[in-house]
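Note that chain A is present in both complexes that follow, paired respectively with chain B and with chain C.
What follows is the complex of A and B.
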């Protein structure tokens, strides 16, 4: 994409109102176009993977199924047609929002996903919020006071978050907070209380990473020349810290937050199983166990699509926060 | 340029606590500057130009360095203050308001994610108590004053949207926004090409003509200093080795180091000439300075130069040098103060 902009001569840029060139020049349009292309790529790859691993029909049925049953499935899902025709049909279906029918639930896979996803989204979003609310202030405070007790705490949390095995933490939380002290429910959904334990368990790794990243970014930005300029203007220490140091330091967090959020969606698969939360993770777990091929495929595409959208959101946010990116610098 | 000094620095000593011991960066620097005057400061890399200026504005982080001695009396609007004794809080009323600073690298010295207008407005809001709208229109005025075309649009642009020279104009606008009476510019044109450099120098001269702005202009470039300064300080090893009016300095240099500098300039004028090419290396700053810092490299050195340290001593009106030797007369100079000497000698 960037080579396209580079190759257009400056004069031609302003003279020719070529819509393609305009898309290529506008950072946001460019990212949207890239995301759409990527989404199609993912769908095609998932589609091919299913066909490459052999006859999908035989994978979808139980081991003891006979040839007749397999043939029936083949026909239902159109596996007997030429691959190119299957692909175009499939792409057409996906574009119109039809991700296929679940074998297990005898229902539209998209509807199943849509009914389960909010729960997972809330879990991951809560986990992300936990991580950010604790990590950012701690990282900023630590980085602003290197060597002080608050910095030692920040470093400790940073390492702890990284090395704590989540299965161990989950058991610890269930045993103590849930069972022994009876403070919070350990399974199911319903109230915000049900969310606390699983979200916390899911947040710990990201929290550690965010603390470390924020702290080191603040330490780095503190020594930038523009911070010296801000001080030489006579700004109060707090104004320098807030407007010049923290703002620039948090820029480096944006892309990582996006990545961590999609990791958390993945992590919710086992967290949901442990805490008996009927989210997307649990649906996927059930689909895999039941060899519900269309459902597995639909969830894969859905998560891939969500990840691509998250990346897009991250990049747009980046562009909003950092003018150098927005202007294609 | 007459009258009382705006700033009088006396005996500034700044030290750093490095991993391998103390660095004696500034070893007793004294000078003054009057309102409206332009003071050029030259000296090779590491001679202490930047540390001197940072010390005056309290910008040496206490975690790495400290001011060990000296006074810097500044005649602020609200009364006289000693810059070397101010708290961080008190500096808040001096920096930007009384003394503006411009740094060498205009790209890294500007906040990349804040519009230039806001970076100027910050100073206005802080010092003049202006609101958002007022400070914005004042920022536009400032941009116009430093010669940015189309300022009412450019005010919302970010630093990376400006060229190098334009960025340095923006830096000057920031430094002067709240109307300080002294501007310290630390190699403001070193990163710029010659034409742009000339434009920035012309701009500063214009700004000085409009007000009684005093300027301390730090430079590697003797040509720049010759074209801009009223008086020049020559720094070496964290000391001032010579101080004189600009014409006097170039026509009648007294210190061997200054002579070496001027001799190293090719005959064709001064413009663009960098300090260089005196044989030898700069002095080690690991020890307290108890001899002439130039003794190792000086072709006129006599015995006492390695035992005693000469103080900056007046030779004629407004011309001082820190050297025991009178080159023109080929004999020791009378009345040169000895400000330190090595023990046991």
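What follows is the complex of A and C.
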């Protein structure tokens, strides 16, 4: 833990006698320390999962492999050594950036992931943009006019988004928008047109949640004392709606945007394999189907790491925007 | 509402808690008033009915292959036939019958998955909320750890490792979803213990088990039932996704996700093979969400305010 404090708060060391106590007091430092611990926990869990079946070597080879091949795998990956030794070796490898080699592609798993990731990142970012652009205005309009048609529409979109399977929606979009009407490409990557259908299909789950959340947050904030104060001091309705209601309501979105973004990385496994986009999701799909466990393991750790960093960024952002969080404990 | 409060002569202020029958009747009246919740429950009961009596309802054997009537579209299409209402797949199997039988996989996974998750989660959550201290810290750490990996990725990895069978899928969902139930239980137990009535019970000398069973447990029912509805819907949703990736039940078993996998190969030529199983998934999830929303509004007074 001491090396951790060195890198995080070099300036504070002389002032505070116990660096651990300082970490515990500072909200941001505490979250960073938690995230690092969490990351190690995830690596250990993924490591243990593959070994839970008893014989990871037989798991990693094709079903028709003979005993000799299994023994070879066992030796290459060190499965014949004690588990604790395997774990420390593995942790050391991961920390130094070595996530193992893929069977399927006969290449470094990290390099594969890094080469595939930008495509998925673009897809997920576009999907997030779709979700926010549609959901926020709809949620605000619905929450500001409870019971009106626009509110009914918001509730409808909110529920529909959450119950539509993305892998089914992308198939429908390909059949109708792509093939029957010929408006957009039916598969692959390239122009911005190739992004529209997969990004929309990937966005609906997040869109549903955003609409519901924005709507209920607006409903709640509308009844707060500070809104009544703003109105009673004679502020125009529009100004109250914009400055007091919407801004406070959107605060609750901050905490879920990051979570939904990481869900999209998982959801890309369907969208990318159906739409033939060579991204991280398609890589995971291929790895699972080929039982390429070093690659499955590496992608899981990568996505978990990305998620933990996203959550950290979200919390820091939230702490900056809302002082109640960082002083609340 | 005369049956809600029984007034005994001479003791005019004695309040007798309504019996279960009275409470259920009151819930029924509330449900009748909320049409979306009612529709949700009706659709969901239809799916459960289809799952239980699939053998009796399904027009034909879901695995019966009939190549002479293969690749038929739905009945109302030009070349459709009313003997196969939702059409047939590439092997001539009746799609409606397969959807009805597919409900079995979905409902089994949803029901038993939630049962396992709720049992484990409730036990762990009550332990953590009740004993606090290091038990609480350790359990909370494990819960946070599991919740920090995106759920879909987590489930895919475990399913890929442990292989495809209905039993494994139920177990995977049951264990990976337990932290959600544990977190809710822990929070509720902490809240109830701090509340006035638990303290009051303690001060008049009620034993710890009595407080747990008389005061804590009954108050957990509402939030847990609501969560169970949403989680069951989520499990049905995720099971179809696992099926679609070839990680759930074997391909020979009719399940909605498996049907979509077959449909995908013929997507542009025989789209009905994919359309109807997807509608089944969406409709089931929709019904449980509508019913869950209603349950939450009725059983959890704290959110009723924000409606």
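Criterion: the second predicted complex is superposed on the first by the 305 of 329 C-alpha atoms of A that agree within 3 Å, B and C clash if a C-alpha of one lies under 4 Å from a C-alpha of the other, contacts with A are read in each partner's own complex, and residues count from 1 in each chain.
As a working rule, contacts are C-beta pairs under 8 Å (C-beta built on N, C-alpha and C of every residue); 3 or more make two chains touch, one makes a residue touch a chain.
Bear in mind the structure is a predicted one, so any value in this text is a computation, not a measurement.
K.L.:
For the combined arrangement obtained by superposing on chain A, do chain B and chain C clash, or do they fit?
P.N.:
Verdict on chain A: chain B and chain C fit.
K.L.:
In the overlay, answer first, second, both or neither for which of chain B and chain C A:228 touches.
P.N.:
Touch partner of A:228: chain B, not chain C.
K.L.:
With both complexes overlaid on chain A, does A:164 touch chain B (first), chain C (second), both or neither?
P.N.:
Touch partner of A:164: chain C, not chain B.
K.L.:
Considering only touches as defined above, state whether A:236 meets chain B (first), chain C (second), both or neither.
P.N.:
first
K.L.:
Touch check for A:244: first (chain B), second (chain C), both, or neither?
P.N.:
first
K.L.:
Which partner does A:133 reach: the first (chain B), the second (chain C), both, or neither?
P.N.:
neither
K.L.:
A:322 in the overlay: touching chain B, chain C, both, or neither? Say first, second, both or neither.
P.N.:
Touch status of A:322: first partner only.
K.L.:
To the nearest 10 degrees, what angle do the lines from the C-alpha centre of chain A to those of chain B and chain C enclose?
P.N.:
For this superposed arrangement the angle is about 80 degrees.
K.L.:
For the overlaid complexes, name the partner, chain B or chain C, with more touching residues on chain A.
P.N.:
C
K.L.:
Is A:36 touching anything from chain B or chain C once the two structures are fitted on A? First, second, both or neither.
P.N.:
neither
K.L.:
I'd like to know which partner A:76 touches here: chain B for first, chain C for second, both or neither.
P.N.:
In the superposition, A:76 touches no partner, neither chain B nor chain C.
K.L.:
Which value, in Å, gives the least CA distance between chain B and chain C in the superposed three-chain arrangement?
P.N.:
Checking C-alpha atoms only, chain B sits 16 Å from chain C at its nearest point.
K.L.:
Which residues would you name on chain A as touching chain B in one complex and chain C in the other?
P.N.:
Residues common to the chain A contacts of chain C and of chain B do not exist here, since the sets are disjoint.
K.L.:
Could you pull out which chain C residues touch chain A in their complex?
P.N.:
141, 144-146, 148-154, 156-158, 160-162, 233, 237, 240-241, 244-247, 260, 263-264, 267-268, 271, 274-275, 277-278, 281-282, 285-286, 289-290, 293, 306-307
K.L.:
In the complex of these two chains, what residues of chain A are touching chain C?
P.N.:
For this pair, the touching residues of chain A are 38, 41-42, 45-46, 49-50, 52-53, 59, 159-160, 162-165, 167-169, 171-172, 174-175, 179, 186, 216, 219-220, 262-263, 265-267, 269-270, 274, 284-285, 288-289, 291, 293, 296-297, 299-300, 303-304, 307-308, 311.
K.L.:
Would you tell me which residues of chain A are touching chain B in their complex?
P.N.:
224-226, 228-237, 239, 243-244, 247-248, 251, 321-324, 327, 329
K.L.:
Which residues, counting only chain B, touch chain A once they are in their complex?
P.N.:
57, 59, 88, 91-97, 100-101, 103, 105, 108-114, 119, 122-123, 126-127, 158, 160-161, 171, 174-175, 178
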